[in-house]
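Heads up: the structure comes next, in structure tokens.
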Amino acid sequence: MINELVFSGFGGQGVLTAGLIFSEMALKEGKEVSWMPAYGPTMRGGKANSVVKFGDEALGSPNMEEIDVLVAMNQPSMEYAEFMKKEGKVFLNSDMIPDDTDIRNDVEVIRIPCVSLAQQIKNLKGANLVMVGAVIKKCAFFEKNFAIETLKDYFKEKGKGNYNEANEAAFLAGFDAIK
Amino acid sequence: MINELVFSGFGGQGVLTAGLIFSEMALKEGKEVSWMPAYGPTMRGGKANSVVKFGDEALGSPNMEEIDVLVAMNQPSMEYAEFMKKEGKVFLNSDMIPDDTDIRNDVEVIRIPCVSLAQQIKNLKGANLVMVGAVIKKCAFFEKNFAIETLKDYFKEKGKGNYNEANEAAFLAGFDAIK
Amino acid sequence: MATLHLEKERCKSCEFCVTECPKEALSTCEDLNSGGYHYVEVEEEKCNCCGLCYVVCPDGVFEIRAQ
Amino acid sequence: MATLHLEKERCKSCEFCVTECPKEALSTCEDLNSGGYHYVEVEEEKCNCCGLCYVVCPDGVFEIRAQ
Amino acid sequence: MAVARKIPKIMEEPTAFCAGCGHGILNRLIAEVLEEKGQEKNHILILGVGCNCNMNFTWGGDKLQCAHGRATSVARGAKTGRPDTLIISYQGDGDAYVIGLSDTINTAYVNTNVTTFAVNNTNYAMTGGQMSWTTIPGQHTTTSASGRDCESTGNPIKVPEIIAQNFDVAYVARGSLHSAKEINKTKKYVRNAIEAQLNGEGFSLVEVLAQCPTNWKVSTVDANEWLKDKVVPIYPLGEFKKREGRDDK
Amino acid sequence: MAVARKIPKIMEEPTAFCAGCGHGILNRLIAEVLEEKGQEKNHILILGVGCNCNMNFTWGGDKLQCAHGRATSVARGAKTGRPDTLIISYQGDGDAYVIGLSDTINTAYVNTNVTTFAVNNTNYAMTGGQMSWTTIPGQHTTTSASGRDCESTGNPIKVPEIIAQNFDVAYVARGSLHSAKEINKTKKYVRNAIEAQLNGEGFSLVEVLAQCPTNWKVSTVDANEWLKDKVVPIYPLGEFKKREGRDDK
Amino acid sequence: MKEMWKGNHAIAEGALRGGLQFYSGYPITPQTEVMEFLSFRMPELGRHFVQAENEIAAINMVFGASATGLRSMTGSSGPGISLKQEGISYLSYNDLPAVIVNVQRWGAALGTLDSSQTDYLRDTRGGGHGDYRIIVWAPNSIQETVDLLYEAFEKAEEYRNPVEIYSEAALGQMMEPCEMPEFKERGYDLEWSWDGTDRDHERVDMDQKPIHHTAKFKKIIENEQRWESINTEDAEYVFVALGLPSRVARDAVKRLRSDGEKVGLIRPIAIWPYPKKAFEELPEGIRGFLSIETTDMGQHVEDVALAVKKGFKTNIPVYVHATNQKMPKVKEVIEVYRQLKAGNLKEAF
Amino acid sequence: MKEMWKGNHAIAEGALRGGLQFYSGYPITPQTEVMEFLSFRMPELGRHFVQAENEIAAINMVFGASATGLRSMTGSSGPGISLKQEGISYLSYNDLPAVIVNVQRWGAALGTLDSSQTDYLRDTRGGGHGDYRIIVWAPNSIQETVDLLYEAFEKAEEYRNPVEIYSEAALGQMMEPCEMPEFKERGYDLEWSWDGTDRDHERVDMDQKPIHHTAKFKKIIENEQRWESINTEDAEYVFVALGLPSRVARDAVKRLRSDGEKVGLIRPIAIWPYPKKAFEELPEGIRGFLSIETTDMGQHVEDVALAVKKGFKTNIPVYVHATNQKMPKVKEVIEVYRQLKAGNLKEAF
């Protein structure tokens, strides 16, 4: 089974990082992974996204094909909903995407006020990690503590380990937002 | 029927010009003609030659293939004898090619002391035209007066018409050298 | 008399004009324009229409209208 | 004492040496070398082995042998 | 004194450059001069390859996108085809001075009656901020991560000076865009260059020192300071070759 | 005073140049200096494309034939591979100054520790005598049949001057081959250039004004006169950039 | 009136007769004579000749001149054409007409001055980047050289695409009688060309480019195949050859026919678009194709094989006789044919 | 240990592990990251990084560095590789090893930054002048990118010929887990290389060059075909795809197989020499081949057709699905296959 996750938003909303953190988790679990950032023309107009695929078999195209999980940090990201599998899950940033937005009704919609949640824990930049936490809880791709450790390692390797407490808090805020 | 003539010698011996004069004759007679100078690598070591082909049909390769008439102004030119047809004619400059030179015995050899003949009429540069005269007489490709007129026109067009008396004399010296 | 006009939608909030204005008449505002920039506003009473903001603006935001 | 030697086969008859020789000791001869050039000869009694011919010759014809 | 000012029609489309990008200012200066001279409908901008490629979608006059570094050669051909049209190459420092060095020098060499504006932002901006031959000593770029080492990579190149001193051309100047005062001076240079071409005086080159906050990785406001304090001291401003008999201008 | 002189071993093979060709003289000068410095077996001549291609078959030392105009770039690569070997580009004026202008200037720009000998015979000899950027005003060539018109094709280019004045290099000079006296001076320049490289001083360039009787369509002897009377007045001889602390040489 | 013309001069004069207004080039043997001829002839005619500082500048000057409406040409050989590849890619994809002359010499790297066809694959497939093509015409006589150049600018303008004249060193050096056509001028405007007024250049949006260009190239493929077929009606073996070697092949066909051999010849005149239609027209029952070419490893043979694969239901073998830097001879071709027939030749495809 | 590596960085680090000593290049998207990475990593390792003034100087520096024995590399994309064609021709014909990286972007002229394979014909046929070829390897994963670069210098030195890595924008940008091999150094001397002593460079006389080089290229053709075949044993239809699109094709095969369709895949890894042997191995009874490629008009399909013509007695149709600047999707490939099977697709060859 291959999982296809898409993290999408404005540049600056951390959607590449969110994808990379998932990639690291998959890698550590010994899975096949590919991470594909939007680049070049698709990036025009400040849009950004990353596609993560992981699974046990060799992976095909690294591009969006049939999305299992879409994390939409802003309104324009909803255009990718068209590529979602039936029964797929879309995690949307309810702080920026109005409730009355039209969405296919054959997918499961999870609304997370990730900006507000991040603000609450005073880690505005952590909205993407809130989403990571929510996805982990909801989809159970990886075990909670393993996810947190991987996330911390990721930032530590980037030389940004000193924000890790705040990062963990953001993750947990998202994790706990899922009932 | 296609005629293949090769004029060969050192650079400066007028072998390109001799070929061009024949080309003009053939052109005037409404024949197909091609003139091909040696160039590039074949010219190394100061060697020069031109290949003239003419006839009534479309012409094939402009290069040496099966020579009917070889005009050899110097010793190294004799290497082309190998490409001659059986019964072909080789006109050799007997002032520079010793009589004891080895030549295939299935070709007709015509020895013309073209340098001496040219010297006699005080037109040292006309040795090539001596050969032209000899070939015309011997092979009768073209009529004598037509040949002389063409030759004169050729030089006139090149802006060298004032040497034409001497040029005619050279032609005649060669023409008359053939019994 | 002349007046200064701003086409706020063109503004990218670089603040070149803010720095250059001799009258300190310009400042970025809280609001965002559709490009996502905190665009610049003028305090008209301070402005003397010297045009320096026009000169330094990379995005053609300003216009001075003589009347 | 030194002597001037010419490797006539290398000569291309440019006459640079002929012009340059302060002693007018050099001249091209009637004969041709195998390259087809009227090569240069020296009148030894005129030559003082100053070496100027060596300096100007593009083809390495000269050699001066000290003895 | 109040003067009526309005951005030229050619600039009507909003630029596609980053916030605080010098290209935007220069775009306007050129557009203004073209308008002053009544050349809105009689010019072709030959666009080099760099951030100015964005002008393909915004510049309201004629434009021709060509290969990286070749704008002046293309301009030579275009001027032959349209001798009565203003032919202006608009290039970056990498385009005009590095990959296009030979084209630029040769256009000066034959003194073709065209104009080149070379935007020197001390880096290859379009491709993400690599070192250019104009990158200043010690400047950090993506290919000089620990600061430009001029010992091994050469000193900042000054093409206007080289051309003014060695070739028989009409006009050469360098301006900067870090303040209103310098922008106004630069406009004078732009005007001179275009006038030189209109009068058939020969090749004119104006180098323009421009902000690139994005790749300098500083704020837009700091970019002006950086330009003034770090870049201008290395690249002297002024006219290196004045138009003959026009020192007054 | 009699001096024992013998052409260097590297020159043993007869040259393949025309009679009276300046290339032959310069070949010997370089060979002599290499011999004096004991570098017969420690140099690579990077051959440009021009009549010097003949040296592929005659030069008795190491040589590497490269593409037209690229010899200095190839030299930069080769010097990296063999830092302790003399790397010398040997090029014509067309090769070094026209198609190779960018390569030559950039090698000077980064001041690579290599040496360039540029043989200026005021034409593209190898291809049959076309105009070069060094062709003198009024000179007849196969592409300037009625004499070079500098108004439309530019004035003779002086790359040594440009490089000496604008780039931080080790040594730049220009010599001529029209007389024994000038040949001896030129040899001094050749020696300086090679010494500069041996000492790791940086880029050295010697332009050598050379006879091309074949394409000038004059006799060999007249070629010397022509060189002296027509070419030298346009291309000043001497050292444009002396080696630091070595003005005595 | 027919006069003797040298191939390279015929290229130059033929282009002038066809309306050439702007030439820019850089010397290289064996193309230099084209440029030398133009260097005095163009000023004489009040047209624009530029000796460029290198091949890249030359093609880019052509880019500018062509965009502003001049009939423009450049030329070179071997390495010089390699340097122009980026520029050719730009011309084609910016829909600019131009004529490019390649007087081929043998070889990669510095190569030699020998006549050859070793640039076949580069020139027919676009040696630059991206999925573009240029029209390539390979004359086999001086008259045809002139005739093709006379037509080249119009074809280039019709499709807004470069046209290359694929000549060979020997064809440039030889002389043949040739009738020069009258001078002609363009009888129409290039309304899309650049004149400074920012009028419509008929430019295509980036994401529409593949579609736009594929359509253009398909149209060219459909309309611009050119070839000559000789004795193919009942042929059992078909030679395929272009340029000068095609004349050798023609002679070989003539001789073999007189010996009763059923051989024929296809001579592609356009080598892009390749004349696949010539193969579709052939009778059933053909037993083999032989490409005769002056390349080292066989290049044209790839197109022969592709055309044969496309044109026939069965898989007919394709052979190659590649003679490197040497012009083939009639006798040699006949011998190769006999070997082929005797089953001693291994097929290339 | 496996780590996530970005394709472009993997090229750089893979080359360094394989012994890269000298790199010279010029920025161009989407290859710039290779050079940016090397710009700090090479000095760190005491190796030689040069930012060149343009692509031509870069390849010529590589020429000099390679001749003097350094493991040398350059890289670019689109127009930049076009500019290197003359230099590549010189490298190959002077028998100099080197590695060239092409991270392809879509299009002729300025093109776009989209991932594509539109340089296929140029790179496999020699976009420079003359009858030369270079070895071209097309990886389809980051690990394979590294593995191929790790081997590239040795292969280049074995044949004294350039090796090109044919990558794609998307492959350069994406990340995958990858195991980096140990650093290696050349364990042997290049005795023919230039060291200033005028030792034997094993150079070949001009008139022997065609023979010498044809022999070299034939040897490469014989020994260096590389490919991967999937489910071809009993296939009725065979997909042929390389690089990233081959992964889409592989997924399509997987899905179609699970639907009972007899489809297989050939994935050329070397695209020159083209893996003709992969086709010779195939079973009888194949009904069609489908090339899946990100080109505009179909380029790789020519090689498929040539291999099919050569490999089979009968004439099996070859189809193409060319997706321009867009990566194909599995569903789309399956749909194309269904159309093909239903007889709704026109064969390309």
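When the chains are written out, they are named A, B, C, D, E, F, G and H in that same order, and each has its own residue count from 1.
The rule is short, and it goes like this: a residue touches a chain if its C-beta (ideal position, glycine included) is under 8 Å from a C-beta of that chain, and two chains touch if they have at least 3 such contacts.
Because the structure is a prediction, the values reported are computed rather than measured.
Asker: Just tell me the minimum hop count from chain F to chain G, counting one hop per pair of touching chains.
Answerer: Minimal hop count between chain F and chain G: 1.
Asker: State the chain with the largest centre-to-centre distance from chain E, centres being mean CA positions.
Answerer: Taking each chain's C-alpha mean as its centre, the farthest from chain E is B.
Asker: Round to the nearest whole Å and give the separation of the Cα centres of chain E and chain G.
Answerer: Chain centroid spacing, chain E to chain G, equals 41 Å.
Asker: State, to the nearest whole Å, the distance from the C-alpha centre of chain D to the C-alpha centre of chain G.
Answerer: Measuring from centre to centre gives 54 Å for this pair.
Asker: When the centre of a chain is set as the mean of its C-alpha atoms, what distance in Å lies between chain D and chain H?
Answerer: Computed from C-alpha means, the inter-chain centre distance equals 60 Å.
Asker: Of all residues in chain B, which are in touch with two or more distinct other chains?
Answerer: 41
Asker: Going by the touch rule set out above, which residues of chain D reach two or more other chains?
Answerer: none
Asker: Give the residues of chain E that touch two or more other chains, as numbers and ranges in rising order.
Answerer: Each of 65, 67, 101-102, 106, 109, 133, 153 in chain E touches at least two other chains.
Asker: Any idea which chain H residues touch chain F in the complex?
Answerer: Residue list for chain H touching chain F: 22, 24, 48, 50, 52-54, 56-57, 60-70, 72, 86-87, 90, 94, 193-199.
Asker: In the complex, go through chain G and note every residue touching chain B.
Answerer: Per the touch definition, chain G meets chain B at residues 2-4, 29-30, 105, 112-114, 169-170, 173-177, 244-245, 247-248, 250-251, 327-331.
Asker: Quick check: in the complex, which residue numbers of chain E touch chain G?
Answerer: 41-44, 46, 60-67, 70, 73-82, 85-86, 102-103, 106, 109
Asker: Under the touch definition given earlier, write down the residues of chain D that touch chain F in their complex.
Answerer: Interface residues on the chain D side: 1-2, 9-10, 12-16, 18-20, 37, 48-52, 54-60, 62-66.
Asker: Can you name the residues of chain F that touch chain D in the complex?
Answerer: The contact residues of chain F facing chain D are 2-7, 11, 14-15, 17-25, 28, 179-180, 183-184, 213, 220-221, 224.
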